[in-house]
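In the part that follows, the structures are each spelled out as structure tokens.
Shared chain: chain A. Partners: chain B in the first complex, chain C in the second.
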Partner chain A sequence: MLGRDGFGIRSFRILSGIFLIVWLVLPLLPLAIWSFAHGWFYPSLLPNQWSLKAWEYALSDTAGVIDSLWLTIGISLAATFLSILVGVPAGRALGMYKFPGKGLVELLILAPVIVPGIAVVLGIHSIFLYIGLNNTVTGVILVHLVPTLPYMILVMSGIFANFEPAYEAQARSLGASAFKTFWYVTLPAIMPGIVVGGLFAFLVSWSQYILTLLIGGGRVVTLPLLLFNFATSGRNDITGAIGMIYILPGAIILLLTARHLSGRSGAVGGFGQI
Partner chain B sequence: MTHVSIQSLTKTYPGSSEPSLDNLSLEIASGELAALLGPSGCGKTTTMKMIAGLLEPTSGDVTFDGRSVLRDKPEHRGVVMVFQNYLLFPYMSVAENVGFGLKMRKVNKVEIDNRVNDMLALVKLPGLGKRKPSELSGGQQQRVALARALIVQPKVLLLDEPLSNLDAHLRFEMRDLIRSLQQEMGITTLFVTHDQEEAVVLADKVALILDGRMKQYDSPDVFYKRPVDKATARFFGGQNFLNGNATNGQFKTSFGVLDLPIDCRRGTGTLTFRPENICVTGKTTETNTINAQLVEKIYLGTQTRLKLAVGTEFIHAVVNPAEVENLEQGQRVNIAIPPESLWVLTS
Partner chain C sequence: MVFFLQSVSVGAQADTVDGDQLVGQPWDDIVSMAKGGEVNWFLWGGSDNINQYVSEYVGGILKNDYGIKLNRVGVSDTVEAVNIVLGEKESGVTESGSVDMIWINGENFRTMKQGGLAYCGYTETLPNNQLVDWDNAAIANDFGVPVDGCEVPWSTAQFAFAYDTARTKTPPKSIEELIEWIKANPGRFTYPAPPDFNGAVFIRHVFYYAAGGVENILGEFDQAKFDEVSAKTWAILNDLEPSLWREGKTYPTSINAMNQLYANSEVDLTFNYEPAGVGLNIENGIFPPTTQGYGFSDGTIGNTNYTIIPFNSPNKAAALVLQNVLLSGEAQYQKALPTVWGAAPAIDVSRTSNDIQAKFAQIKAHPNVVPAQELAKNSLPELQASWVSAIEQGWLANVGN
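And now, the complex of A and B:
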């Protein structure tokens, strides 16, 4: 019986693994094929002719894809960094302390996830108009914080809810300054949360379209904007090539940080906290 | 060597009307090992945190050798606190944990290594420096926590329930270790506990706190012989309380008169005596012999508890099991209470 059960669980695991791969990878396959196709018409299963032209174009200076890639990476890294900077103390306040109006603060932080981005961004747009942040990279970075912060704060509040503040008291009493206590004691303990929250923040910022379009005003062209341009103009081969480039950072980050996403870190539990 | 003085220390937490600690004053002499004893929630840990600088008192003062330390940041006070659950940093090895305080004081690496090794040997954990705290037993973790505190040679050492998480056989080992290291290094030490046995076994002096106020501050034996009031006597396992009147070296109870020691209080009060001081005797010639009826007899292995009825009063006794082997419930028996074991509390 035991052997049979073990076998059942194992085959279930393998099956669900295959299902996941098929579900995640299969939709990308046509994209990859398109990027190497030179004419691919119904009812052919594969392109009639293969070509590297789309890649040549995408990687050339004139297309601006590489510039746009660096810009997108820069914006996403900056938005992630700022999310961490704000999200760690905010998560600490929500996870560890009780204060009047806490429920309202939680609701306000969650609001951008619930309220459509377009509604939020129209208001921000008119404010940014006053302070001259529209059509600037800084403005885009700041507006990206609207959807990234909730994820960061949620993850960090979960981490801090499980954090024992007495460790900090212990470090202080052993002679560590407030900064050294944070550096040597708090930071290692909350690192899994920072990694997971930062990952979410990066990917959320990476995939912003509407916010970038409205605040960037078409001057700040990130990869999703570029991708959308080519997709709407019917250039499936170039869309495919840019699409592949667009997926790359996400895939790399995911592979590098996969171990922090395991249930052991407890970070994912943060979603249950609020 | 540091003389610690706690003066009228009071803490009221925000949003609370009752103070958690009310007007505590305490002197701990240089190199002394003192205990703060009291039930859970009586403000013991609050007191420790205020001495360590982790919590600000509402009023009162803490001085080391006459100098107020309230303005000093916790890292500059020279006070190290060892928490009840040890709080070893899980991301560091045992050696890194023990060396943490030295690293914060910017001691060079070679010296840290040497002193960590010496310290680990002192707490009888040589060679375990490379382990992670999670790989150690509870007793070992506590010794690491102690080593981590002692290595910085603090002016004052604070221990939170140092023996309560340990098995019975480890308690005495740990007690001896704490005492010998504390004596050797001459560190003024204060520990808190809710367990009177832990306080008696470890401390030079015990401060009993009940309901946020200090009842008595004395060496452990005084709490048994000369408690200040009924609650104090009860906390130390006192069970016998007889109301009456003390006059001319005698105490008048509802069932008769008992001889008192010379230094006793006079007037109406409550007579108390330890259950373990009562002797069961065949004779009637000893002073303070009372004829009583055995109501209850509970065998506890190394001792036997007796409940005896005298008139309308009950007397509790703890005796050697061999002495009362043949005694049956309901039987009448003579008991003697030595005058020097009697003590009168004002009611």
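And now, the complex of A and C:
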């Protein structure tokens, strides 16, 4: 009996796993095919002709895709790093302590997720103009913090809500310095949250379009901007090629951090506990 | 990390923000002022052919002959670039604008000119200005708005239709025939909804037809005339709606969406303000190779597109050099080659050197593109921009509701 049930649950798991993979990967298939297609019209199931032209253009200097790829990686890494820097202490304060006005602070932190980015960015645009941050990479990194921080702080406050501060006290009483306590006790305990929150922050920054366009003034050309140029102009082949390059870093990071995303991870478990 | 956190300033290098000072200067002085600088050109970035022409051909000339770095900034819609300049003006950025040049015409030009966003009065300073026929009203007026030295022409274009010879034997050849054809072939035609540029031009063709000829509606905006003609136009278009693609319940939102409907045999006709696009689309695998461009016997609308320099561009000398290069016979010839782009020149070719004239004469148009000379036999002017926007608003209120 027990074996049968176990078998049933297992095959259900495998089936749902296959379903999820198909669900996520299948839409990418036409994109990959398009990038090698030269003319692909209904009702043909496959392109009439195959070609490397789209890839040749996408990898050429004119297209600027490779430069843009590095720039986008740099911006997203910087935004992730700054998110962690701000998000860890903020998450600790929200997850572990009660203080007056906490509800308001939580609401303000969540606000960028609720208020449309375009409304926020117009105000930021005029402020950035005065301090000369428009059209700069720095300005773009800073404005990406608006959508990335809520995710980081939410994840970290969930982690700290389950964090036992007595471990820190113990380490201190045994003579560890504040830094050592953080490095050897706190950091390992909150690492899953940093990884998951950082992953969210990276992917959110990675996919920004309108914030980058307005603050970057069209001069900070990240991959979504390049992609949109071709997606709106009907060049499915070039869109496919740039699209394949675009999903690469996200997929790699997802693979590297996959074990932290499993249901057993503290980061996912504590997500709703703000 | 440190690199990215540093403020990557894009301020002026060879600061030539004072445009008045450049007017009438010897050309060699302007060229030497521009040397070593950069120029940021904002233009629609959705065509790899145009991108390659601009970055590789034009960018190469600027770099090798003038020591200027050309930054091609691709935008999805020209209005994005206009809005940047507008935002800078409102915020008091008058000397260090981020846009040095925009590919522009029509409503966007009107916005720039009326809003005082354009650098004006310098065209005589460009040596290649002599190749431009400013006596031609279609060059001297941009959608009915006098250019007044605020922009320099780049290309001319004329609206053309296209059909698939494998699917359609006899395409409609006038607006009147088209209306009958749509009713006889329900579901096989549609047009992009404004504010799509090409969809709006199609609606103006119907508007001209309803007016009984464009000569009846040229000149200043006339409300009484507009009310009369627009009522007829909306009646025609609403009457057609049940025979359109998806019974006219929805319209494609862009010309590219409609091109895909056409390529996938959902509709049988497409059109474009850039007739050479048919050739490029066939070469790029967007259109079936049996696509053929053609014009209408009652004419199609033509326009000129331009490049403009914003008032707050800090690199005006470099922008002038760029404009002068674009106007040169050699650059206009390259642009006209069907393998490069196929755009019709905005200069008067008869004013160029014999060598360039001979080259132009040898251009073999793409066989599936309707020749510009043939289209030009039946060319209709654009209306003034005030008419154009009134027609767009009217369509949204009366047809696209």
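In this text, the second predicted complex is superposed on the first by the 268 of 274 C-alpha atoms of A that agree within 3 Å, B and C clash if a C-alpha of one lies under 4 Å from a C-alpha of the other, contacts with A are read in each partner's own complex, and residues count from 1 in each chain.
Basically, a residue touches a chain if its C-beta (ideal position, glycine included) is under 8 Å from a C-beta of that chain, and two chains touch if they have at least 3 such contacts.
These numbers come from a predicted model, not from an experiment.
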Chain C versus chain B on the shared chain A, clash or fit after superposition: fit
Which superposed partner A:L110 touches (first chain B, second chain C, both, neither): neither
Contacts of A:S126 with chain B and chain C, given as first, second, both or neither: second
Superposed arrangement, angle subtended at the Cα centre of chain A by chain B and chain C, nearest 10 degrees: 160
Partner chain(s) touched by A:V86 [first = chain B, second = chain C, both, neither]: neither
Most chain A residues touched (candidates chain B, chain C): C
Partner chain in contact with A:N135 - chain B first, chain C second, else both or neither: second
First, second, both or neither for A:A176, with chain B first and chain C second: first
Which of chain B and chain C A:T232 touches, first, second, both or neither: second
First (chain B), second (chain C), both or neither touched by A:L213: second
Closest Cα approach, chain C to chain B, once both complexes are overlaid on chain A (Å): 30
Sites on chain B touched by chain A in the complex: 49, 52-54, 73-75, 79-81, 83, 85, 87, 89-91, 100-101, 104-105, 148-149, 152, 158
Residues on chain A engaged by chain C in the complex (per definition of touch): 37-43, 47-49, 51, 53, 57, 61-63, 74-75, 77-78, 81, 125-126, 129-130, 132-138, 141, 213, 217-219, 221, 225-226, 228-230, 232-238
Contacting residues of chain C [partner chain A, same complex]: 1, 3-10, 40, 42, 44-48, 51-52, 55-56, 71, 73-76, 80-81, 84, 87-88, 91, 93, 98, 254, 256-257, 259-260, 263-266, 284-286, 288-289
Residues of chain A that touch chain B when the two form their complex: 164, 166-167, 169-177, 180, 184-185, 188-189
